Structures are given as C-alpha cells and as structure tokens.
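Chains here go by letter, A, B, C and D, matching the order in which they are written, and residues are numbered from 1 within each.
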Amino acid sequence: MTAGLAVQINSVLAALILLTSFGLLVQRRIYGMLRLFAWQGAFLSLSTAIVGYTAGLHHLYISAALTLALKVFALPYILYVLIHRLEIKRDVEELVNIPTTMLIGIALVIFSYYLTAPIRELSTLITRSTLAVALATVMIGLLIMITRRKAVTQIIGFLALENGLFFAATSATYGMPLVVELGVALDILIAAFIFGIFFYHIRTSFDSLELKDMEKLKEDE
Amino acid sequence: MLILVLLGINLLAAAVLAVIGEKRYAPEVNILGSAATFVASVFLAADVYYNGRMISGREYFFVDEFNVYLAVLTAFVSMTTAVFSRPYMRHEQERGRLGKVAMRFYHAMFQLFIFAMLMALLTNNVGILWISMELATLSTVLLVSLYRTPSSVEAAWKYFILCGVGIALALFGTVLLYFAAEKVLGEGSKALQWTNLAAVSGSLEPTVLSLAFVFFMVGYGTKVGLVPLHNWLPDAHAEGPTPISAVLSGLLLNIALYALVRCKTLVDGATHGNRAGQIMMAFGLVSLLVSAFSLLRQKDIKRMFSYSSIEHMGIATYAFGLGGSVATFGALLHMLVHSLTKSAIFFTVGHASQMHGTQEISRIRGLIKGNPLVGWGLMLGVAAIIGLPPFGLFTSEFLILTATMKSAPLLAPFFLLGLAIAFAALLRKVMPMVFGAVPDYQHNQRVSHTPVILHMILVLVLGLYLPVFLSQWLHGAVRLLR
Amino acid sequence: MTLPTPLAVAFFTALIFIIMAVVSPLLASRQASLIRIAFFFSVVACIMGLYAGFSVVLSGQAETLTLPIGLPDLPFYLRLDALSGFFFTITSLLGLFVSVYSFGYVKGLLDRRPVTSFVVFYNLFMAGMLLVLMADDAYFFMISWELMTVSSFFLVCFEDESLEARRAAFIYLLIAHVGAMTILLAFGILAGFAAGFESFRGFTFEAMRTASIPRSWASIAFVLAFFGFAAKAGVIPMHVWLPEAHPAAPSNVSALMSGVMLKVAIYGIVRLAFDIFPITAWWWGGLVLCLGLVSAVMGILYALMQVDLKRLLAYSSVENVGIIMISLGLAMLFKFHNLNLLAALALTASLYHCLNHALFKGLLFMGAGAILHSTHERNMERMGGLIHRMPQTALVFLAGCLAVSALPPFNGFVSEWLAFQAFLQSSVLPGQVLKLLSPLGAALLALAAAMSARCFVKVYGVVFLGRWRGQGQCQAQETGLAMRAGMWLAAGACLALGVFPTLVIGWMDTVTNELTGAGLKASAQAYGWLWLTPVSAARASYSGPLVFAVIAVVILAAYLVFHSRKGVVRRSAVWDCGYPGLTNRMQYNSTSFAMPLRRIFGSLLIIKETVRPCDVTRPAAFQERFTYEVKVLDRVWYIFYKPLTQAVFWIARHATRLQNGRIQIYLMYSLITLIVLLVFS
Amino acid sequence: MRIVYSLIIEAAQIAVVLAVAPAFVGWVRMLKCRAQGRASAGILQPYRDLRRLFYKDVVLAGNASWIFRSAPYVAFGATVLAGAIIPVISTDLPLGLTADVIALVAVFAIARFFTALAGMDIGTAFGGMGSSREMMVASLAEPAMLMSVFTISLVAGSTTLSEMVRVITSGQFVFRPSMALALMAFVLIGIAETGRIPVDNPATHLELTMIHEAMVLEYSGRHLALIEWAGMIKLFLFASLGVALFVPWGIGGPHEVFMVPVAVVSLAIKLGIVGVCLVLVETRLAKMRIFQVPEFLGVAFILATLGMLSFFMLE
C-alpha cells in the first residue's frame, strides 16, 4: 500500500467517521444509534491500523485492537444488554428541530476546519488533514449530548466524543505514548462500568431514564 | 522509591478496605492508611527540602516545590478527613442511611480517590496526569450518589457527565500538546514529561499551544469549578457524604487547578505573552462574581459552602492569571489555606447538619450554645473563609489584592465587589446558625474535635507566620511558574 | 538600672491583652474570678500603655522594632512615634477608665450569661487597637485593624439572642470590612510604587514614605484609604452601622468603640495624609472638610431625634467625628499650602478633640451603661428623675454633657475653640472655593456646637430630671463602686483637660512637630500655663483655670451674700394651671423636646408621624384618647444602602438563573465557552 | 502698678455692670410705658423688684433637685463673668484675656444650659416647653452670633474683645459691607437672645407666648431674683457688646484712668439711644408665632454668614 493510497483511504475513513457522527446526531432510535456508534468505532479502528501500518508504528496496532475490542464490541454490547434489561429499546426520542441541529453541526465542522487550518500547515504527517474531522467529531459529540433527552443516548454522545479524541490522537500525532493509551482505555472501561451502574440507579430512583426527571437540583427562582 | 511507597500505601489500603470496609474497625484502618500516607509524604517533603527536586520511577514521577506542598497538603487533609469521617460515617450508619456494602465501597473509594490525587500531583507525565484526574472523578462519582436518594443520583449523574466531558476536552488539549512537543522532543513518553516540556517550552509551537490551552482551560476548568462550567459542583458537594464534600472542595479542586497552572506555564513559555493568563483572570473573576451573588440565595448549608469553594477557586485562578511573584505567591498560599479552611468548615457543617438532621440553613440554629466546638468552629471557619485576619486566607487575599492594584487596577473594583458580596452573604447566613438559642430539635452528639481544631490552628498560624520550608517552597514554585 | 523603652512597654501592653485573651477560656469555670483577674490585668496593661504613650509623646523620639513573624520577607514592623504615642495615650487612658468600670459592669452581665467570650474579645479588641497604632507595615496594620474589627464584631453581638444585635453586628462588620478592603487597595497602590514590591519590602511604611507616586495615583490611593477609614470612623454617609452597633453592644464596649476605635480610624487618616505620603491636591483637605461638616450637622440633628439613649450617643459620635474631620481637613489644606504653623493649629484642634471626645463620650456611654444597668432601660421616654436615685452618676453625667456641649470650663470647649481659631485664620488660604468654604464651615460648625448643647439638655433633662416616666415606681439604684470610680475618673479627666489645655498642648507639641514641622508650644505657652494663646495673645486667648475660678468665685459670693438671710425654703407641689391630677406622663419628654427642630429641619429627615384614635368605634371628632407615634429614619439609608441591597439581590436572582437544573444547558455552556475561547485565541 | 490700675478698672467695670443693668432695664420699661401711653413706675423699679424678691421666701417644687437650686447661681456667675470680659468702660481688663468672643458666647451658653435644665427639673409640661423653646432659639441664635462676631474678629484680626475694640477705635474708620451685615445680624440675634419682642415677650405669662418665662416659672424668692438680675445683666451686656463692637469710640484704652468717667458718660448716652431703639422696635412689632422665630433667626444667620463671606470675597 503506498502512502498516497493510505492517505486516500484515511480520508475516506475520516469522512465516514464524520458521517456517522452526523448520523448519531439525527438518529431517533436507540438501536440505530448503537449500530452507528459501532460502525464509527470500526472506522476508527481501521484508520488507526492503517496509520500504524503506513507509519510503521506498531504500538498503534495495539491501539487499533483496543479500539476494536472496546468500541466495536464491548461497549455496544454492554449498552445493548443494558437497554434490553432496562426495557427501553422501543423508546423513540424526540429531538429538537433536526434541520437546525444539522445546520449547527455543519457550522461546527466549518469552524473546526477554520481552527485547525494553521496547525495543518505545521504538520508533516500524512494524517494531518483529518485533524479538522477529529475536532468536528468532538464538537458534534458534545452537540449530541446537548440535544439528547435520555441518559443512554447522552452516554452514546459522550462515547462518540471520545471517538473523536482517539481519532485526533492518531491523526494528529500517530497516537499517544502507549502508557497513556492504555490508561485512557482503562478509564473508559471503568466509565462504562460506572454508567452501567448508573442506569440502574437512575432507573430505580426515577422509574425512567429521562433526563427531564433529573432537573430538581437547581437554584430556586 | 519513596513516591512509589507513598502511592502504594493508598492502593494497598484501598484494596484492603474493599474487603473489610464494613467491619467495625474499618474507619481505624482508613485512618491508619491515610496517616501512613501522610507520614510518607512528610518524609518525601523532608527529602525534597534537604536534597532539592527529584525525578524518579524512570522519570514517571517527579517532585518539585510546586507539587510537594500540595502533596503534603493532600495527604494531611485526607488524614484529618479520615479522622472526621469515623464518627460521622458511624452516625450515618446508625441512622440507617448507609448499608454495609456502601460502607465498604466508601472506604475503598476514599483511598482510591486519595491515590488518584497524589498520582496526579506526583506524576511527571501529562497523560498520566489526565488519567489520574479521570480516575479521581470516577472514584468519587459513585460516592456522591452513595445515599441513593434521587437527588444524589441526579447530582452524581451531572457530576459524571459534565466532568467527563470536561476531562475529555482536556485530553484533546493533551493530544495537541503532545503534537507540539513531539516535534521538539521526539516521540514517546519523553514528549509528555513536565520536566522536559518545561525545559523546551520556549521552542514549542505557540499556535498549537494556545489552542491546546483552550481545551485545558475548559477541561480542567470544569474540574476546578470555574463559572460557567461549575454547575456540577454545588450539586455534587451538597448531595454526597460530608467527608467527600470536604475532600472534593479541599483537595480535588486544588489538583485540577494545579494541572491547569502547569499547562499555563508551558503556554506562557511558548507564546511569550500572557494570553493564557488573561483567560484565567477572566474565568476567575467571573467565577468570583457569579458565585458571590449565588451565595446570597442559598438555602442548603453544604451547597452554600460549595459556592464558596467556587469563589475561592476563582480567586486563585484569577491570581495565577495575574502573574507576577506577589500574586502567584498569594495564589499558592490561597490554595493551601483554602483547603485547610474549607475542609474544616465541612467538618463542622457535617456535624451541624447531623445535629439538626437537616442541611437546611433555616433549621440550623444556636450552634454555639448547643455545641461550642461546632459553633465556634463554624464561626471562626467562616471568619477565615471570608478573609478576616489573622487567618491565612487574609494573607493570600492581601497579596492578591495589592498585586491587582499594581498590575490590573481596573479589575480591582470587580474583585472587591465579589469579595464584599461573598463576605456579606456568608456572614448573613452563618450568624443566625451559630448564635441564638438552641432549638428543641437539636440533639447533641459525639464530634471529632481534633480535625477542626488542628485545621483552624494551622490556618491561624499561617496567617501570622510562614515556616521557612513553606516559604522556600512557595518562592520556589513562584520561580517555576514565572 | 535603665527603664525599658516606651516601645517595649507598649509592646508588652499589647502582649498582656493577647495573653489574657488566650488564657481567659481556661478560667471559664470560675466566672467571678475570671472577671477580677482579666480586668485587673487590663488595668495594669492600660497603665503601662499610658506610660508608654505619654513618654513617647513627651520625648518625641520614634522607635522601631521588628518581630520575627509574619510573611517570609515581611516580618511585623513596629514603630512608636509621637503620633502613635498620642493615640496610644488616648486608648490606654480610656481603656483604663473603662477597665475599672468593667469590674462592676461585666459582673452585671454575668446574671444573664457566661462572659468568657466577652472577656476574650474585650482583650483582643484592646490589643487590636493598640497594635494598629504600632504597626509600621501594611500587612501588620491590616491584621491589627481587622483584629480590632472582628473582636468588636463579636462584642457587638455578645447578646446573640437579640435579632437587633445580630443585625447591627452584621452591618457593622460588613461596612468595616469593605472599608478595610479599600484601605488595603490603597496600600496596594502605595506598595506598588514603592521599591521592592516583588520582594514584599514595598509593604513597609518606610518604603512607602520614600516612594514617588504619580499625582493621580496618590489621589486615588487617598480617596480609597479615606473611604475605608471614614467608614470605620462613622463619617456620613458611611455611618449607618454606628447607630446600630453602639446600642447593641454592652456599654463598656460602646464606650471603647466610640471613644477609641473611631479615633484609631482618625489615626489612620492622619498617619496616611501627614506621614506616609505628601498631600498632593488641595481637594483632599476639601473633601475631608466637607464630609466632616455634613457629619457634624447631620449627626447632631439625628442625635436630637433619637429616643434611645445609646443610639443618641452614637449619632453624637458621628457629629464629633465630623468636628474632628473638619479641623483635620483644615489642617490638610494648610499643610498643602505650606502654612505649617496654621496646619499645626488645626491639627492640634483635631487631635485634641480626639482626646476629648474619647473621654467625654466614654464617660457618657459608661453613664448610659450605669443607667441601663440599674433601670434595664434604653428608651429615654421611660426614664426621668434619676438624679434622685443615682446622684453620683447624675453628677458625672452632667460633666459629660457639659463637655460634649462644648461648654467651658470642660474639655470639649477647648478643642472647638481651637477649631474656630483655625477657621478664623483661613483667610490666608488662596483660592476662591476655599474662601467660600471656610465661612460656611465655621457657620456649620457653630450650628453643630449649638445643637449639641440642645441635644444634651434634652438628654440630661429627660433622663435625670423631672419625674420617672416608666411603669410603676422607679427601682433604680446607684451603681457600684467600680462603675462609679470609672466614671469619676473620666469626668475628672474631662475637667482637667478643659482647665489645663496649655499643658496638654505643650505636651503634644511633638506630634505636630513631627507631622507638620511646626508646633504651638512656644506661642501657646508664651503667657504661662494659665493662658492659652495658640497663635499670639493679640489674636486670641483663653484661660480655662480663670473661667473656672471666676465662675466659682461669683457663685460662692452670691451664695454667701444671698444666703446670709436664712430664708425658709418650703417645698410645695408644682403649679398645675388649675387642672388637678398632673401625671408623670404629662411631662415634656424626648420626642416633644425635639419637636421644634423636627419641624425646622424636617426636610432633611424622614419623619413618619402617625396619630391613631384609640377607640375606633367613635367618630374622629369625639375621641378621648389618641396614640401618637413618630419615627425618624435615616435618610442616608434610603438614599444609598437600600437601593444598593436591592440591586445586589436583583443581580443575585438573575445570576442564579445560570443554575437551572438542566444538564443539557450546562453542556451547552461548556460548548459555548469552548467556541468563544477558540474564536478568541 | 499697672496691674493694680487694671484690677481697679476691672472691679469698677463689674460694679458698673451689676449696678447699672437694672437701671437700663428700668429705662427701657419707662420708655416703653411712655411710648404706649401708660404711666411708668420709674427707672428704679427693677431695683425695688429685686430687693423684694430677695426678701421673699423660697418655695421649691416638690421634685426639684440640686440642679434647680444651683442653676440661678451658675447662671448669675456666668453672666457676671461675661460682664468682666466685655469692654464696657475700658479695654484694660485683666480678665479680658480670660475669654475671647467665642468663649463669651460659650459663657452665655453655660447660663442657658443650666436654666434650661432647671426648667426640665420640676417635671411639668411648662418647664419642658420653655426649655425646649429656649434651646431652639439658642441653638439657632448662637451660630448666628458667632458668625456675626467672627466677621468683626476677621476685620480686627483677633477674637479678643479688648483687642478688637482697640483695633477698630485706633484704625481709620472705613465703611465695610461685612460689618454692616454683621451689625444687622447682631441686632436680630440680640433681640432673640435677650428674649425681647418679637421673639419673646418678657412681660407675658401666657402659655402660648412664653419662652423664657415658662422655663423659670417655678422659681421664687432669691432664686428668681438672681435669675432676673442675670437677665437684666444679659440685656445690658448685649447692648454694651453691640456698642463695643460696632461703635467702640469712647471706651477707655489701657491705663487711661482718666477716660473712665468719659467712658461711663458715653456709655450712658449710647445705651440710652439703644434703649430708645429697642423700645421703638418692641412697640412697633407684634410677637411672632413660635415657628416664625426660626425664620427670623435664619435671616440673622444668613446675614452673618454673608457678612463673613463678604469679608473673604471682597476685602
């Protein structure tokens, strides 16, 4: 595989990651979101592996494997089981005005592109142009969390945000040092564990996973 | 070696307590673990004091003037908190608010949390710092919802999500930092080491670093509790068990600020300007003002003091942003005395709310007559926290205010406004609580005297006299941060 | 054997108080002996302080000392010079009298509650005041200053069940603290321009003295510091805490707060304006003068309207601080124009009034405490005829009233006389504004003095004279020996200072020499101790001893002459105008006495007058009884403070909207913050 | 030797003040009777009144304390001290240095302070009312008086009365606007301070009109005599103070013993004229309502302040 081809594949993967982000932004069904999230993880893993291959950095394979294991299999599975157990699979989420959300998402992409422009100039890596996509994915992840109204979907948004981070790590720098990567993965695993517990707590405390029930703690008017 | 021992104690204690945490003697084990950590930290500090900075553990750990005093502080406050938590948590258990599993979980997580904080302080690696910060968050998230009440679950959820997002953004900042550093220092862990980064900060790429700083600012800033990223903080402090509020307020915020300040020095070195400082000043001032005004409307005693923490973190952030040796010295001192004072306040608040069976300010009355130690402890603690001498917070605020007048006089009125409002608000709420007659629903109980008295004496002494070693460290830290 | 230096004595004085504060809780179980021990040491310490202050003023030699605590590079600097010595004397002198008085007074408090915390904070309060006077660097100054504030805060809310006391203490501490912060900012400016700011050396007064400060910054610093000190001194419009705090505090504390603590604030202004940095604009003096005038006139006007004795005294303190400020402002104007001798004259007037006010207001508050102690009453409308029950208190209180009304031969007159002399010299000042200001100032000062006499005729007449207005029979008893002793000492001092002003002015010559480079000693004592001739005999002269002697001789002569015929003195009922059944309630009381002035100056006050018929079933024209109520409110409160608090709460209401409970909104804050920061970096 | 002369003159002056004051009051009353077409009791009637009062017994109110009994003596003593200070016949007064004009005003204030207290002492509505009104008048008149004398002191460069008189007599007479304003103010104040119509009516005992009289209503016998005498001296002193300040010519200087008879004569003439003027004012005007008095005194205060201002601004 030549460097040029790798760049092209990588760009396509970046585009796909961005696309899945947008998909997550507008998807109403939970299972649909879960599937999209798994796809995003797969693209991320693939991209990491390709970068590792072209740059000859073998620790990136470990990253890719971790991503694959965590983001494509473990997390979606955990979420699937939770959704199944908590009997919320059929819930359809009402979203705030989808076209507006999309427009904001696009604006965020443009903004990310604009922001990373000077950095792109500095970088010599083949993956440099994908930094904008990474940043956009992070921001769209945040946007997903803002627009969602259920605890589970908010978590999916959060995980999408982290995908963006991973993508940034590989695309901007060919991956962080291994210790860090492992630590981050561990943290995400713990986080997944914790939100799993949380869903049960929320469920038992509020009889639903709607965020609107959790708006009691505020300053009195 | 010492560092590894120091960190190992906590991990060991956490592991042990995970097994025996519900036993009658578990609180004592908890105290023992924390005390051992404190002793180790004192040895570490002595080592640093006599032999200077050190780097160890294959360059994964380092100790300099900046983190050594915070490490000792962290170990100390966690020890006193452990002492305080013994009667407090027992009382909670007797009241039936907590079961055995919860106690086990509490004790183990307490130690893990301390471990995470010490790790964050002592690590030389920006990435590991990030991991430790995340660990600190994750270990306390479930402590906040320990009581399983709907509001505590809600608070914990908000804490988890907001800090999770925040810390994720900090990771993005770390990635950017690595991106810039890798060009100068080459690939691998070396490029994420504070010691190396500080040495080459002048040659790092300024645009990348200023971008990275924004992410650090929003990320760690969330953890520091800066307005408008602070919204998790009052909820989490108010709903968790009081010992956890004490360490969250007294220690975790400090650690986050520590991380932020470390990043700021790098960015300053790279950009040769004070852009980062200005951002921090803005955040600090806004935090100070908003929290001061919010303080006026509080009805829950722990919530009120958590706003006070936001206020003080705002002050410290502002002072670090201001720069200059006087302000930085003030900010460093502020972190120290604020920790001591705020945790002492939370100790008394914990007892006070147990005595009245509520956290509502309007129901807590007549503390001085009911229990002089709790009453006077709260009164003097508040006197200290609102910046009255001869307590240490006055010293730091004195330095920060005078430095403001020197470097940014136009901000002085706002700063003063914030301080004055916070002063008025806290005083107004606290006076009816401590003074007056004892209400009939108040019931006295066993309280732990030592932590409150110890903290207040330290705060008092620090207001009048800084020991030589401390002033050396603070001066050293000031030099580091310049 | 050499005597210890005054500074060492002064330092040990403060140390005794601090040690007593620390030791007192140990004696908590034995309250009676705690009081005896604590106030015994307090008396001893005050005597030591008196020696230190007196001797340092006498010699005029400044001394310095450095304590090895404090910030790393900023140990506590102590300095005792003539100015601090003078205020040290005031503090110790009144402290001595009040401490003697407290033996009895605090024992009275013991009936209701333990006094351990009182004793602790009383000692800290004294220590705080003394340390402020000795401080020679900004940090130590602020610490002592706030120590004084905080301890007096706890003393004010000593009766902590009372909502009123807590509210008073709150307002007091808030205003005092904001004031302290502005003082701190002023020090910040000075230190910023002084050499060695970064190494903390700039915080010493020594460094500030040598700093070269741009004119505009100097003015800002002065205004900030003046605001802070004036807030503490109770200058209008920052006086609102004073009429709340003084009534709420125990009377011996009121005496100290009013008598000494306000003076410590004055000390701050004098120290700053005359010592630490040069007066660089004429309007500084003008500002001080104008606020002094407003305080003097409005203070006494409000005092007249009060029915609460201690509240009245508090407002009278506002007036007297105003008078001190007037002379101080004049002194600053003279100093600015390099008229050093005149500056010395005005400054002497100011400082002398500080001393006098400390003594007579201390005396009056002690008297009010004695009355409170024996009648449990602060409302003058329910007093009367106490002269028959408490003859000695009545006598010493009369001395206080005469002194505060500026009547010779008491001390209050001397200082006001000096102030007038300073005004009459102000024609030499250049500038049209000043020329307009000084006659107006003299006029208002005269008005304040005259109204103060009126006010204290009311006080004395209503409280001690006439017949008991309260419920039932008057149960009041003469107070105990200790309290009387304290008051007698203060009254004696008031008379002595009024009769021998020449000696006092000669003694305090070093103070003006130090601050203005000129002294009055030579001219004032030109005619010996009998005559006080501040500038020259041709200009003005006053002889306290002779005034005292001549009046006494004439009274004696008249008495001897007219009592040669041993006429029968008959007692009989008063004339009732033919309507029998005069009751005690028909006497003139405080409200009715103040009525004419309430009408004349009504527009300056907020007066709420309500007349309600007692019997609502009858038509208004056929009512037999009415209830009448009049409330006089402080307009300043409604102009400044009420809108301010409302604005603060308004902002607070809106600021807390940030926290609306929705996590999505919180996340949005994060996103927006991120975007804004990214855009701007 | 000089000091002996001075002491003699001082004694003479006090004697003159004590002796002549009732005569001056008698003169005013006589003129007033003539002006109102009544028969007068003669110039010596005040002496007879005083003697009668001194021989009467004292009746004290049941509630009266020592303040009530001592107030007449203090008032008398203070007034006499004032008489020793004001240069009535000579400026060569050893006691003149004791108190200057400011102290003089304060000395009068002492007398008033004690009489007002005495009014409150008996515990009736009348006494209190009198004290309250008296103090109201005083508290407005006193600053005006100070302002008025300040103007003269500024002109003379001194506040010592003898010195002021000496400077004004020795200097060239120039018309000064400030002095004219001060004089006008002084006249108004003098009327108010001595309790004459239109501010107060010395001859009334109607509750609505009384000020001074209400205050001393309960006095009798020698106490009343002393109060009355002090009142007469006060009127006399105000007249001579006005004379001394505004038309000082004729007053003897230092050790000009021969001037004393001249001074006495010129004083008699001047006071005679003052009496005439006073009577004219009193018969032409009606007594004011009590709450018009502040306006009256306000005018005086403004005039005096204007006088001082005009000195600062114009001279």
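FYI, a residue touches a chain if its C-beta (ideal position, glycine included) is under 8 Å from a C-beta of that chain, and two chains touch if they have at least 3 such contacts.
Note that the structure is predicted; figures quoted are calculated from it, not measured.
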(message) Contact counts by the stated rule: is the higher one at A-B or C-D?
(response) C-D
(message) If you average the CA coordinates per chain, which chain's centre is most distant from that of chain A?
(response) D
(message) Quick check: how many Å separate the C-alpha centres of chain A and chain B?
(response) 31
(request) Could you give the separation in Å between the centres of chain C and chain D, each centre being the mean of its C-alpha atoms? (result) 35
(request) Quick one: report the Å distance separating chain B from chain D, using the average Cα coordinate of each chain. (result) 78
(message) For chain B versus chain C, what separation do you get between their C-alpha means, in angstrom?
(response) 43
(message) Among all residues of chain B, which ones touch two or more of the remaining chains?
(response) 157-158, 161, 165, 169, 211, 234, 294, 297
(request) Would you give the residues of chain A that are in contact with at least 2 other chains, written as numbers and ranges? (result) 115, 142, 145, 154, 214-217, 219-220
(message) If I count partner chains per residue in chain D, which residues reach a count of at least 2?
(response) none
(message) With touch defined as at the top, which chains are paired up in contact here?
(response) A-B, A-C, B-C, C-D
(request) Enumerate the contact residues on chain B facing chain A in the complex. (result) 125, 127-128, 130-131, 134-135, 138, 141-142, 145, 148-151, 153-158, 160-161, 164-165, 168-169, 171-172, 174-176, 178-179, 182, 187-189, 191-192, 205, 207-208, 211, 234-235, 238-239, 294, 297, 299
(message) Which residues of chain D touch chain C once you look at their complex with the stated criterion?
(response) 54-67, 70, 73-74, 76-78, 80-81, 84, 95, 97-100, 102-103, 106-107, 109-110, 112-113, 116-117, 119-129, 131-133, 135-136, 138-143, 146-147, 150, 153-154, 157-160, 163, 207, 217-218, 221-222, 225-226, 290-291, 294, 301, 304-305, 308-309, 311-313
(message) For the complex, give me every residue of chain A touching chain C.
(response) 111, 115, 139, 142-143, 145-149, 154, 211, 214-221
(request) Write out the stretch or stretches of chain B touching chain C in their complex. (result) 157-158, 161-162, 165-166, 169, 210-211, 213-215, 217-218, 222, 227-229, 231-232, 234, 275, 279, 289-290, 293-294, 296-297, 324-326, 368, 383, 386-390, 394-395, 398, 401-406, 409, 412, 416, 419-421, 423-424, 427-428, 431-432, 435-437, 463-466, 468, 471, 474-475
(message) Quick check: in the complex, which residue numbers of chain C touch chain A?
(response) 653, 656-664, 667-668, 670-671, 674-675, 678
